Amino acid sequence: MLSFATRRFGLSLLILFVAVTVMFLMIRAVPGDPVQIMLGPRATPELQAQLTAALGLDQPIWKQLLIFYGNLLQGDLGTDVFSGRSVTDIVFQQLPFTLELIFASILWSASLGIALGAYAAAHPNTLIDRIAAAISVSFVAAPAFVVALLALLVFAVHLQWFPAIGAGEGFWDRLDHLVLPAFAIGLSWVGYIARLVRASMLEVMGESHVRTARAFGIAERRVVMVYALRIAILPVVTVIGVGMGFLLSSAVFAEIVFARPGLGKLVIDSITTRNYPIVMGSVLISTALFVVSTALADLINALLDPRARTAH
Amino acid sequence: MKIEWTKANVGRRGFLKGATALGAATALPMGWANRAFAADDGVLRVRAYGDAQNMDPAHSVGVVEEEVHASIYNKLIQYKPGEEWGWQMDAATMIEQVDPTHIKFALRDDIGFTNGFGAMTAEDVKFSMERIVDDATDSPNKPDLGPFSHVDVTSEREGTIVLNKPFAPIWSIALPYITGNIVSKAAVEAAGGRIGADPVAESGPYLRDSWSPKEKTVLKRNPDWKGDAPSWDTVEIYPIDDENTAEIAFEAGELDVTRVSLGSVERYRAGVPNGGSLVEKPSLYYVWMGMNVEHPKLQNQKLRQAIQHAVDVPSILEAAYFGAAEAATGIIAPGLAGHRASSLVPPAANFEKAAQLLAESGETNVTLTLDTLNKTTFTTTAQIIQATLAQIGITVEVNVLESGAFWASGDNENLQLVLNRFSMTPDPYYATSWFTPEQIGKWNWERFNSPEFNEIHESAAAETDIAKRAEMYQRAQDLMEESGAYRFITHEATPVIHSARVIPALRPDGLSLLRYFGKAT
Amino acid sequence: MEKSRSELGQIIIGVARDPLGLMGLIIVGVIVFCAIFAYWIVPYDPIAMDIKSRLQGPSAAHLLGTDQLGRDTFSRVIAGGQVALKVALPAVFGAMAIGLTLGMIAGYGPKWLDNLLMLFFDTIRSFPTVMFALAVVALIGPSLQTVVFVVMATSIPTYGRVARTQTLTLRNSEFILAERSMGASMARILGVHMLPNIIGVLAVLAAMDIPTVIALEAGLSFLGLGVKPPTPSWGALLKDGYSLIRQTPWLVVGGGLPIILATLGFTFLGESLRDVVDPKLRKQR
Amino acid sequence: MTDTLLEIDHLSVDYETGRGDLKALRDITFDVNKGEIVGIVGESGCGKSTLISSILRLTAPNTRFREGEIRFKGQDLLQSSERHMRELRGADISIVFQDPMQTHNPVLTIGQQMLDIQHRSKQSKPDKLAHAAKMLGAVGIPDPEARLKQYPHEFSGGMRQRIAIAMALMSEPDLLIADEPTTALDATLEVQIIERLQELQREFHCAILFISHHLGVIAELCERVVVMYAGAVVESGEVREIFHNPKHPYTRRLIECDPGHIKERARVLPTIPGEVPDLANLPGGCIFRDRCDQAMARCATEVPPLDQLKEGHHAACWLNHEEVTT
Amino acid sequence: MSLLNVVDLKTSYGPVNVLAGVSFTVQPGETYALVGESGSGKTTVIRAIAGLAPAQDGSVTFEGQEIRGAPERVMRPLRKDMAMMFQDPVGSLSPRLTIRSLITEPYRIQGMKDKDLDAEAKRLLEMVNLPTHFADRYPYQLSGGQARRVGVARALALEPKLILADEPTAGLDVSVQGELLNLLNDLRERLGLAMVIITHNLSVVRHVADRMGIMYLGRLVEEGTTETIFRDPRHPYTRCLLSANPEPDPDARLERIALKGEPPSLLKRPSGCEFRERCPFAKDICTQTPEWEVDGGHGLRCLAPLS
């Protein structure tokens, strides 16, 4: 178990390293120049040269990369081109907003999805199963930005149940502000998870240990909820772990439409303005987020599945 | 079919309350989001396009930051809200141009800096302006000060601004805009010469209370401010770049003021929700289609002229600007010196003439690329250009670019047609500066190379006779258009909606001057 | 050859017997039909502008109204199906082909290669799609091909991992050992014996992935990174519809409805396909 | 009648499939007395699994009970409420399944699973655990208390099967159904399990319905035996009677085929050529006719009834009818 | 010259010593049976011989040629003479191929394109008594017995000299088991092929094998002719195995020798004689490690053999 964790951690670091390096090189290959964007049409050549030098952009790429990693080892992600603030501060200021959004979305979509899927699997081919399938499936491809906007129109403007923009202050207010964005980006996950749970439940329900449990007269409820669901949930955990990466992408849309602060928006803004330090900082953090969440999923799987614990 | 998103009578709170009190009627005015309007909480909520990240005027990157700077710092003079461009006194009690290169000023004696940095002095004025032109500061705003030389301090609160040569934009750009902000010399020096994300000392009617990046900036009334007290205790500035979101936030009662999209103008003309009003302002932006005269495919002037005539501006205004904007006659907006009453090539396309010019050019099978930003307005415009040019047999492929790549087009020699939009300050000097030969490879994407234009740009800035100056700029725009490298499209428009409780103070181009916002009673 | 056709026939019959599968088959059939014959079916040229009759509501002349350039939304929806398939099919099948190849190599080849490929997969997966898309689009400019490339690149790991897992499971199965005992080459084992057993699972995955890809194209369009105008893609329709949602809600309907329909169709088809292809279920029949 | 525990009375069960009804069980009749070990012998496709799931009423959704009764202590299980069935399962009737590797839930500890099956007991949790440990000890699992905390995959196949037996006997059931419990195990383990089962049966006095295709195991363990072929009972009776004096050609041939039966090395082994008929498309007459070397004209047209040949010995074959012998 | 000569073959997966040195020889035309509990390493032996499992040490010679760890280039021509049969009758047939393709697969792999494959398929099906129309079926459409015969047909396609058969009767009903064994026997006599058969069914061994080896924890503990071993097992483990076979006769009450416990883990091999802890006949001397001793063609690894 420990060596498994160490190896997993080592692999995570390696992925992080490769991913960040690739992104570093890729973003540099892209046309565009933060100095030009920052200075706008008013740039004089001297000024441009000065700023380029100040930002270290006149160095060869490999040297910049080395410097980046050197700083990184000291826990320094560099300084924002535009505001002169520490990138670490900026990224970690935005991170909680995105995290709370992602967690809220996963929480509601996974709970509903698992419940729907488990119910459907326990009552296969009934009308409710079919209806649940049709409804949940049709949400799978509902683009987050359209859902977000419609949710805004209906629940914020028309019904005025929830606030429209921002992230709020204080626990309840923030929760209040989370409802619509989390709804918008979680919606497509409900169907996805429900389908996954249903399929994996049906498989588990066909296994002979479930038959054993039934043959011992254990209540059907307990058979479904404990004996089958605990196993059926395992692939879902993995999918959610991987899904964090995709949710970060969906968060971008929610953050734009709900004018929320967050990492997704930061990423987009920094890439379009070629704000290299922030791009690298946010790539690092979001990749780390992904790596951590997949590792976490593996860990949870190991906790839920004793076989995985000893297998490694 | 038109869906009216009228507000429902029962809000969430009302719902809960109604359920307990059994009296739905009593719950009516208790709508959740109505609190913004119902409670006069003294908070003005405005929208900005972006986040004000830097509190150093020397490193301000434009209007978004200036909106905050103008509230927390003072300038000698400020823009006047209203329909016409003009300025009013702010920190200055007296200011006058004694000769074309000298401006004398005297400061008010009741302005002080926060954080214990004392009263504002002429030394602060000198410091603030000189540090912008100082190379060590790396200020992107240096060009705004033009031929500014230095400030002579004559007494504690008096001084003279000295220019190297006459510079008309000093009154319209330099002093009332970004470079005019006065910071505390002592505070900046104490901070090591650079102000970062937090102001080191403020002096304006508002103080920046807090900043939550990408969420909001909060301004609070400055208790020590001795000038005319601002009407609002608190101003919250929300960075929202998506127009739809801003409009919805306004309708949900969470914003008091926002610029709206041109597509929504028609709807708001019919009525603004919650008793608000629509204010339609012109804009200083200029949008044009440029042609890279150095590109092998576009070196033929007749071809360029054919293209000029084949672009149908009214269609663009109709489809991309929803009929809410007027055709541009050049790069200088109406209301500014140098604005042309009409362009040489009429806005409406003349396909006959275009075809004739194309025939004269001798070019056949012309296929071109048109680069544009990835915003709906531009892609719509580009598609119309594509369709209209197709009518004279020119094939256009639209290249949609994200902003980072688009704005790097300056050194792109392969650029052919480009749909572009520049911002502007209220002085023609600002507009012409990008099209000089010196700017080729940087911002003169058309690689328009006219010595005469350059000459006009240089001399007009120093010309103090307004009529003469206007004439010079008009000639400059004629030159641009004659070259065939430009097809002017529009100056856009600035429709702004505001809630009933606000009396907005907007520049003639629709931008907010927060410190002058009033309260409707 | 003949045998594989009869197997395919069996699969189609199997799918058609299942009501949901039949529905999926019909929806997908309609979409494919419209895509192929788009330019004969459409009542108007989907890119012809008519600025005078712009932003009209649904009417007999324009079933789904017109957009800001006066183009017929219904025609654009129909033609958009073609674009959707032009994006989704190469992207999904490209990703499937590459993922399958790499995944099988990872699963069957030496351990170091497996580790290397897994690192490659995990690295690609670890970029948020949007970030990756932005960088790629900025690098090579937005176009149909770019969208295809982005979607393909980001979904290769999914297919690769599934193919790898399947290969790992199969590599120790007796029929593979039997082939090895007869001296079959690696190419033969992978191509003739592994592939037919893995491809079913991946095909199901691909069928269910197609709507996701279409939605991703819409997302990229929303960020202005989608296909080039005036190409009538559902994503572009949605984006235009999004910016005009208050004035002309039918534009969003026009863009959204086909995506939801396609999702239903491909998902039903995929699930039904899985039931038919899955040998575990087939044995019970 | 008092000592009869389970009576299967003319039971016929079909599966509805796309190809038509699959006649899985036809006219099955036999009974199990209290404290008796009855073996069911049959090869693949004989209907053993359908029989077990029918007794427990844990059938697939496409199962149709066409005819007959399954009486347990006199009550027809096919007419019982689902609630009553649940009361019976694991309490009065319990079962040990074939594959010990898959019979336990992989993510719950053995202790947890043994706790769960005592859901009817009012005992406290420690008492239940103690009971579980006692049972594990009884089936020969060393150090039972500690092993309760382990997961199924930490046990070997033989141990898991013993745990399954412990679980099945925990409620001291009246009837234990053992569905090929030793098939998946090595011969050495097989004997261990059988011996253990014999001991436990003596201790708990439960009846065992022991299903196996291994004639040796049946011969050793059971008192009576039921021979099934293609969904029907072809012969039933005392073990000794069946093995020494089989009255149905199938039974006879089956015993002959077992290589364990042939003491001397034989290069050519006896076989039963042919295949089990398609149950969805049954031929008329005797189902074994196609593979029977003694088939007669009558076998093709009439289904032979399960006749009582003598007390406790039944066989379904026309050969046993007197008119043939004469 | 013996056909197959295995000398001190060793295989380990990490710390797990699956094979701890196995030696035996097979003469042309001879049937050799490997017997033992699951986990004793029987399957690994024949897989290692065929190059399907790693073998870190020892030697395997086939017709005098060393083939342990040989690259596929060297192995491929030899595979014409050495065929395998696997445990799972249906599972060892590539599920998406027709029976025709499956049984002619060896010709394709060996590059014998000039053969009339349809005719060969027909010949092979007839040889194993399957109707020729089965050529168009798929594995899942076959019963266990039929699939098994397809496996035999495929193994015999190239008329090999040696067949390595892993549990050839596993999963078969008793009534069909005989058929398969008869078929193999018949072919063996006709084609003169040698076989290595793995099984845990001792009754089967008695009828088909000329010689047999008993494996325990990855080693041979006894080896000899089938007859001697059945008549006079010397190793206690062999005795236990033989006695653990219930006979289909209610009156036959064997003198059963109870085997204690279960096979120990390969990770924790007992010291001394590895069977000691389960052995009902263990003596003090058994704490020492027994050596493999051969006496008149009868091999034994026991310090306290039964007489």
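To keep things simple, chains are lettered A, B, C, D and E as they appear, and every chain counts its residues starting from 1.
Methods note: a residue touches a chain if its C-beta (ideal position, glycine included) is under 8 Å from a C-beta of that chain, and two chains touch if they have at least 3 such contacts.
These numbers were taken from a predicted model, which means no experiment stands behind them.
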Fewest touching-chain hops separating chain B from chain E: 2
Centroid-based (C-alpha) most distant chain relative to chain E: B
Where chain A and chain B are represented by their mean Cα positions, the distance between them in whole Å: 36
Distance from the mean Cα position of chain E to that of chain A, given in whole angstrom: 53
Whole-Å gap separating chain D and chain E, where each centre is the average of the chain's CA atoms: 31
For chain A, residues that touch 2 or more chains besides their own: 30-32, 149, 153, 271-272
Multi-chain contact residues (two or more partners), chain B: 5, 244, 402, 404-405
Residue list for chain D, restricted to those that touch at least two other chains: none
Residues of chain C defined as touching chain A within the complex: 20, 119, 122-123, 125-131, 134-136, 138-139, 211-212, 214-215, 218-219, 222-223, 238, 241-242, 245-246, 252, 255-256, 259-260, 262-264, 267-268, 271, 274
Partner chain D, residues of chain A touching it in the complex: 207-219, 222, 226-227, 230-231, 304-307, 310
Chain B to chain C touching residues, read off their complex: 1-3, 5, 243-244, 247, 261, 263-264, 266-267, 315, 318-320, 322, 373-376, 379-380, 382-384, 386-387, 397-402, 404-405
Footprint of chain D on chain E - complex, ascending: 37-38, 143-145, 173-179, 181-182, 185, 200-204, 206-207, 226-227, 240-241, 244-252, 256, 258-259, 262
Chain A to chain B touching residues, read off their complex: 30-33, 36-47, 50-51, 54, 80, 82-85, 90, 93-94, 97, 149, 152-153, 156-167, 255-262, 265-266, 271-274
